[in-house]
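Shared chain: chain A. Partners: chain B in the first complex, chain C in the second.
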Partner chain A sequence: MLWVDKYRPKTLDKVTVHDQVAQNLRKLVSEQDCPHLLFYGPSGSGKKTLILALIKQMFGAGAEKVKMENKTWKIDTGTRTLEIELAMLSSAHHVEMNPSDAGFQDRYVVQEVIKEMAKNRPIDAKGKRAFKVLVLNEVDKLSREAQHSLRRTMEKYSASCRLILCCNSSSKVTEAVRSRCLNVRVNAPSEDQIVQVLEFIGKKENLQLPAGFAARIAKQSNRNLRRAILFFETCKVQQYPFTSNQVAPPLDWEQYVSEIATDILTEQSPKRLYAVRQKFYELLVNCIPPESILKKLLAELLKKLDADLKHEICHWAAHYEHKMRLGSKAIFHLEAFVAKFMSIYKEFLVASFG
Partner chain B sequence: MGKRPPVVVLSSSSGEDDGGGRRGPSARRSRTPASAPARSQSQAASGSRKKPRRESSAGRGRRRCSEPAASDSLKAEFDMLSEDFSECFDDLGMSGSIRKTKELWVDKYTPRSLAELAVHKKKVEDVKKWLEEKLMAPKTIRDTNSAKTNLQQTVGGWTLVLTGQTGVGKSATVKAIAADLGADLCEWTTPVPTLWAEHLHANSGLRYISKLEEFENFVEKIRKYAMLRPTSTESKRKLIIILIDDIPVTSGNAAFARLGKCLTGLIQSTQVPTVISLTHYHKSESNDTAMWNSEDLESLLQGAGAHKGTTNFLQIAFNSVTTNSIKKILIRICREEIYDAPEELLHQIAISSGGDIRHAIMSLQYYCLDPRRHSSALATSATRAGSKRRDSLVPRQESYGLSSALPSPCGRDETLTLFHALGKFLHNKRETNCDVDIDLDPFPLKEKLRRNSLKMDVPEKILSQAHGKVRRVTDFLHENVLDFIDDEAVDDAWAVVSYLSEADCLLTGSPFTSYNSENMAQLIAASVAARGVLFGNAHVAPSRWHTIRSPKLWQTEQSFRSNKDQVLKERFDCSSSCGSCNFSDIVTEFRPLERWIGPRNDGPRSSLLPGTGGSLLVDELDADGSHDEEDDDEIEEC
Partner chain C sequence: MAPLVPMSQPWVEKYRPRQVKDVAHQEEVIRVLTNTLQTADLPHMLFYGPPGTGKTTTALAIAHQLYGPELYKSRVLELNASDDRGINVVRTKIKNFAAVAVGTTRKAFLAVMDFSGYPCPPYKIIILDEADSMTEDAQNALRRTMETYSKVTRFFFICNYISRIIEPLASRCAKFRFKPLSEEVMSSRIMHICNEEGLNLDSQALSTLSAISQGDLRRAITYLQSAARLFGSSISSTDLISVSGVIPEDVVKSLLAACRFGEFDVANKEVSNIIAEGYPVSPLMAQFLDVIVSTDDIPDEQKARICKKLGETDKCLVDGADEYLQLLDVASETIRALFNMPQTLVF
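What follows is the complex of A and B.
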């Protein structure tokens, strides 16, 4: 079992990083009613941990018996029948799924799942908590249509079904959905908090942490707790006892992106642009999300950039990140950003060095 | 003559007339004058709409009926055109200077001798030589003792396949040569078909026989006939050439397989010179089933021919007729008709026909019917030419070139292949003299936004001619455009790529249900992409040979999908937390570190991703190979 799972707090009481949020959630649930919830925050901040703990708080240990299935949904659209296969985790009380995996058919999935859950509504002997919880991950990746249909079904079946939505950025969730949920912001843990968690794990695992080691990992993890723990475990596997200057191996795709950044900075020409495109393809084939590529690339470029240019480059990165979301072929926009950067940077070089 | 409402003319009756009346000289001669206008109308329609002529007449009839109803504007336009025609042909029947014409010129001036053919001499020579050889050969062989063995060897060597676009004179060549050699031409006369709908709804006792069945019967007959032939007495033996001009249109694999079997049997067993003429449709009309047919048929015929060695099958490809020879023919016709057509007009017709001589003659006749028309057409072309490019270098040539692009009522629409269109955009040919009157422009552009005028049609027109799916066009442009940008011009590269990025957004914005390329947003996207490439590429790299690559993007997307599926499938067995995790987190965080801390697993999984990830991190894999054992231990103890 990975440490990420092993040391995941199972109940709201044990949550350490976002203890304030956890307390509030517990109070909320103990009042027997629970609104729809929308958890948002950067990745690796503990949203999923909170959700799982919350579900356990609501239903007790029964919610931990989870089975995974690949369910095929048969959806009649009127003209034809779609078959969508989607993996889902389910217990007696809740269902968890990633509807955005269904691609552009996501809206059918959302509607259908909620409808079906509403149909076989669990009847509790005591007549309370007669609802199921549906956890939807990556709501921000849902198409606009799917979010609209989500809004309608949310209202229609609110008696029998509670939704817990989880996403990275609430700005990509429509207003209508946001206003129907209680929004819970889960911010990224600070480096100190990460260090605390790492030290806690180290103690449990009986590891000797050299001074500054946890802090270094926390820094490297970029305030992503999951990543920090993964790095920590990797370091342990690589070399134990830890040496004082040990660092976790960089993520390969990040390394690759920084190579691309170096390429871009050394030469600015259409030919180089073409070479960069091939590298982007390599990353995309390996399923690295284009948004992450762009973000990392920008970070790498900014490191080596003159302060005058930073503002403009950031502007264009944002511009093309937006375009990327509007469009469907990420490579077009990634490349446009690189081309723009090359153009600006070349002009800058010519201006400053002749 | 009374067939006034043109829609009536379009009904299946005219199609049948067309289908039946076209074949064979005897049928042609016996046609009454009354049927001529109807036929010409349907033919003109087929010309102007560039429908493949050799569609089955049943299909044609049906389609014609429904098409004008589909859009009113189209109908109106069409009505106008056909009214023009019937009006003109009425004139022709009643009075006027050219009333001696009783026939269509296309028929009247069908080449009767070899000299009249507009086809390239060499091709005619080839066909003639082949036919002569085949016709004369049996006689000599039979006299000798080795006749049988020789015959055995040449079995199957009796087929000639002529390929080429419509109206280049495939059939005409064969007919002329047959006349020249004094051979009888045996054609498959397509019978009047029973429409499937007729068969279904009218209990009139009509039995439905598909074209394919009829064709099979015909082929069967030929084969039997060929068996009988040697028994006939030698002195009376007539020379016979079989011409198969109208291979039935098949749809679906089963029907095609039947046709294939039938043709293969024919090729392998026939002992009479058999000429099969295949019409090549333009590649870009790929939506048309007929075109699919012609390509497949060709390969099928080749397969059949190759079955018994290479010598028994000859294929001659006809190129489209050159403008000059079309012009020559037109001039000859004009002379015989005593009609004084200006040379410019002939040139225009010859160019706009696109190498289709039948079409050229049709248009000539149409123009000659009404003298006012051609003058007006020329006038508009002249004014256009004048207004657009007064400063052109060679005025005469230039005006020719422009007038070919004019929307003349009889012009044949040109089609372009996708690659041709791409080439136009990528090479970005522009006028070199930049001293166009800038000052006269009421809205002068900044220097850096100004471009020389294009040496091509409007990009939108090229796009519509290329019939390309917009998505495909943008992908191709994206893949290839960087090769064509000057190596110093990063700014241009940015401009181009940013326009492509806009086009992508537009394409995505359009609802995904409408895949037809006629969608407005799609058209705009295509226009943005094409014009963006043209505009952005201000410093074209010096022209040199580039191969156009197929977009690597497609390959990438495909392997992306398969990788994603794999990751999703596997995510539940790598760790329970992975299972509930976002896809992006798995890929960016769990997968890269899995090599160290993943569950103990078989070797290959430890590389980044199956198949593709190897190149990314091969070097690092070697480095961590030594850690594998302790890795396993650690995990187990957890």
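What follows is the complex of A and C.
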């Protein structure tokens, strides 16, 4: 079992990083009554952990027996019957799914799933929790229509169904949905907190940590706890006992992107652009999201530029990322960014050194 | 639907006005509608206005007051965005509902009125909530339906943006604009709920609540309920801010301070920090705009340049662009504006 899963806090009491949030959630649950919730925060900050712990707190151990199924939804749209297949995790008390996987048909999924859940009300002998919980991931990727159809459904079926929504940026969730939920911001853990978690794991695993080692991993992880723990485990596999100056190897694709950055900085010519294109293709084929590539590339370039150029380059990066969102083929925009950069940089070099 | 457990009912539903005259702050609308209730004569209606001002409440209340609980189910069809409202539904469901006449003569009508105490006019009502999310085709298909069956059916359209309702539909309706609620009205409603629920709210918290909800009563009530759930019966203004997800003033100020410093790397660090803290960027920019506009020591020309950038960036964010890059772009442009650097580099 990976350490990331092994040391995931299972209950709200054991949550260490966001203890304030966890306390509030516990208060919510203890009142028998729970509003719809919207968790938002950057990735690797612990949204999922909090949600799972919350569900456990609500329903007890029963919620841990989950089964994975690929369910086909048959939806009658009037003119034709759609068949949408979606993977979902479910227990007796809750269902978890990622409706944005259904692409542009997500609206139907949202409507159907919630209606179906509301129909099958759980009958609890003790009459304790008379509602089910539906966890929807990545709601910020839902289409506008799907979010619109969420709003009234949330009110209509609130007697038998609670929604827990989870997303990275809450500004992509419509105001109407946000105002119907209790918003929970989950911030990325600070470096100190990451160090604490790493030291805790080290102690449990009986490892000797040299001074400053945990801090270095925390810094490298960019405040992403999941990544920090993965780095930590990689280091352990790579070499143990740890040496004092050991660093986790950067991710393959990040290394590759920094190579691209060096390539661009050393030579600006159509020929080099062509070579860089091959590398972009390589990255895209390996399913690295294009916006991550662009962001990393920008970060690498910024390290080596003059202040004046930084403003210019960051403007163009934002510009091409926006264009990329509107268009459909990422490679064009990545290439356009590189070409733009080359032209600016070349001009700058000629002007300053002749 | 299963009976609601009274405790888990949202306060928004619990305190929804049941009668037209109870709807807050919309005097003109209410005057017209009370008249309507007496004469039981009703044009097609179009309610528009920002969220949380009572549009749906008014429509439901008038339908209830016209028909009473007995007839309500058979006379009123309520459709909103959670139902499918493509052109097919307009052609079949709405048309079928609209076409069936309610068989009441004048005499029988009066008899019914005496019997139940409700006006029960001889027509039906179709409420189309969130009508601005209907497609243009579906709206076009409605035009003729509205006229053909106007003897037996009245339409209520409810929407946020009147510009998204096609002109032919809008011109067939009596239009009512719902205004955002003023602070006094909002406060009195909130105080009413606090009394009912046994909550303790000081005056500072009350004004904070009015400020952060910006005239949207539903939002104010939701915040109040969330805060009550989390923090118990006495609520302070910081509690309200923490549940509402409004970005603390300090964050915005520190971003501006980082920009004033004039170093790209400092600003970059601040931006990464904001993103890692998980603050949503588009409200952040709105607040940043407020701070920029209200600052005294920035010349107008520079302010204008920053505001222009904020506008462009907001559009990009709506299109779904990456938050980090966009915020960084704003920060960098702010620096360039503050230090009068040219828009594009000249070598």
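Structure notes:
What we mean here is this: the second predicted complex is superposed on the first by the 347 of 354 C-alpha atoms of A that agree within 3 Å, B and C clash if a C-alpha of one lies under 4 Å from a C-alpha of the other, contacts with A are read in each partner's own complex, and residues count from 1 in each chain.
What we mean here is this: a residue touches a chain if its C-beta (ideal position, glycine included) is under 8 Å from a C-beta of that chain, and two chains touch if they have at least 3 such contacts.
Please read these numbers as outputs of a predicted model, since none were measured by experiment.
Partners chain B and chain C, brought together by superposition on chain A, fit side by side with no clash. Judged by the touch definition given at the top, the superposed model places A:4 against chain B, while chain C stays out of reach. Once the two complexes are overlaid on the shared chain, A:340 sits against chain B while remaining clear of chain C.
Once the two complexes are overlaid on the shared chain, A:81 sits clear of chain B and of chain C alike.
Once the two complexes are laid over each other on the shared chain, residue contacts for A:170 go to chain C alone; chain B is not touched.
Of the two partner chains placed around the shared chain by superposition, chain C is the only one that A:148 touches, whereas chain B remains out of contact.
By the touch criterion stated above, A:138 is placed in contact with chain B alone, chain C being left untouched. In the superposition on chain A, contact is made by A:326 with both chain B and chain C.
When both complexes are overlaid on chain A, the residue A:187 reaches chain C alone and has no touch with chain B.
Nowhere in the superposition do the C-alpha atoms of chain B and chain C come closer than 9 Å.
On chain A, the surface patch touched by chain B in one complex and by chain C in the other comprises residues 291, 326.
In the complex of the two chains, the chain A residues touching chain B come out as 1-6, 8, 43-44, 48, 52, 68, 87, 89, 96, 98, 101, 104, 137-138, 168, 224, 226-227, 230-231, 233-234, 236-238, 249, 251-253, 256, 268-271, 273-274, 277-278, 281-282, 284-289, 291-292, 320, 323, 326-329, 331-333, 335-336, 339-340, 342-343, 346. On the chain C side of its complex with chain A, the touching residues are 1-5, 7-10, 13, 51-52, 80-82, 84, 86, 88-89, 92, 129-130, 133, 216, 218-219, 222, 225-226, 229-230, 243-245, 263-265, 268, 275-283, 313, 316-317, 319-326, 328-329, 332-333, 335-336, 341, 344-345, 347. Interface of chain A with chain C (complex): residues 24, 27-28, 31-35, 40-42, 45, 77-79, 111, 121, 130-131, 145, 148-153, 155-160, 169-172, 175-176, 178-180, 182-183, 185-188, 222-223, 291, 294-295, 298, 302, 307-312, 314-315, 317-319, 321-322, 325-326, 344, 347-348, 350-352.
By the touch criterion given at the top, residues 475, 478, 482-483, 485-494, 497-498, 500-502, 504-505, 507-509, 512, 552-553, 556, 559-560, 563-564, 567-568, 572, 575-577, 579-585, 587-590, 592-593, 596-597, 608-609, 612-613, 615-617, 620, 624, 627, 630-631, 634, 638 of chain B touch chain A in their complex.
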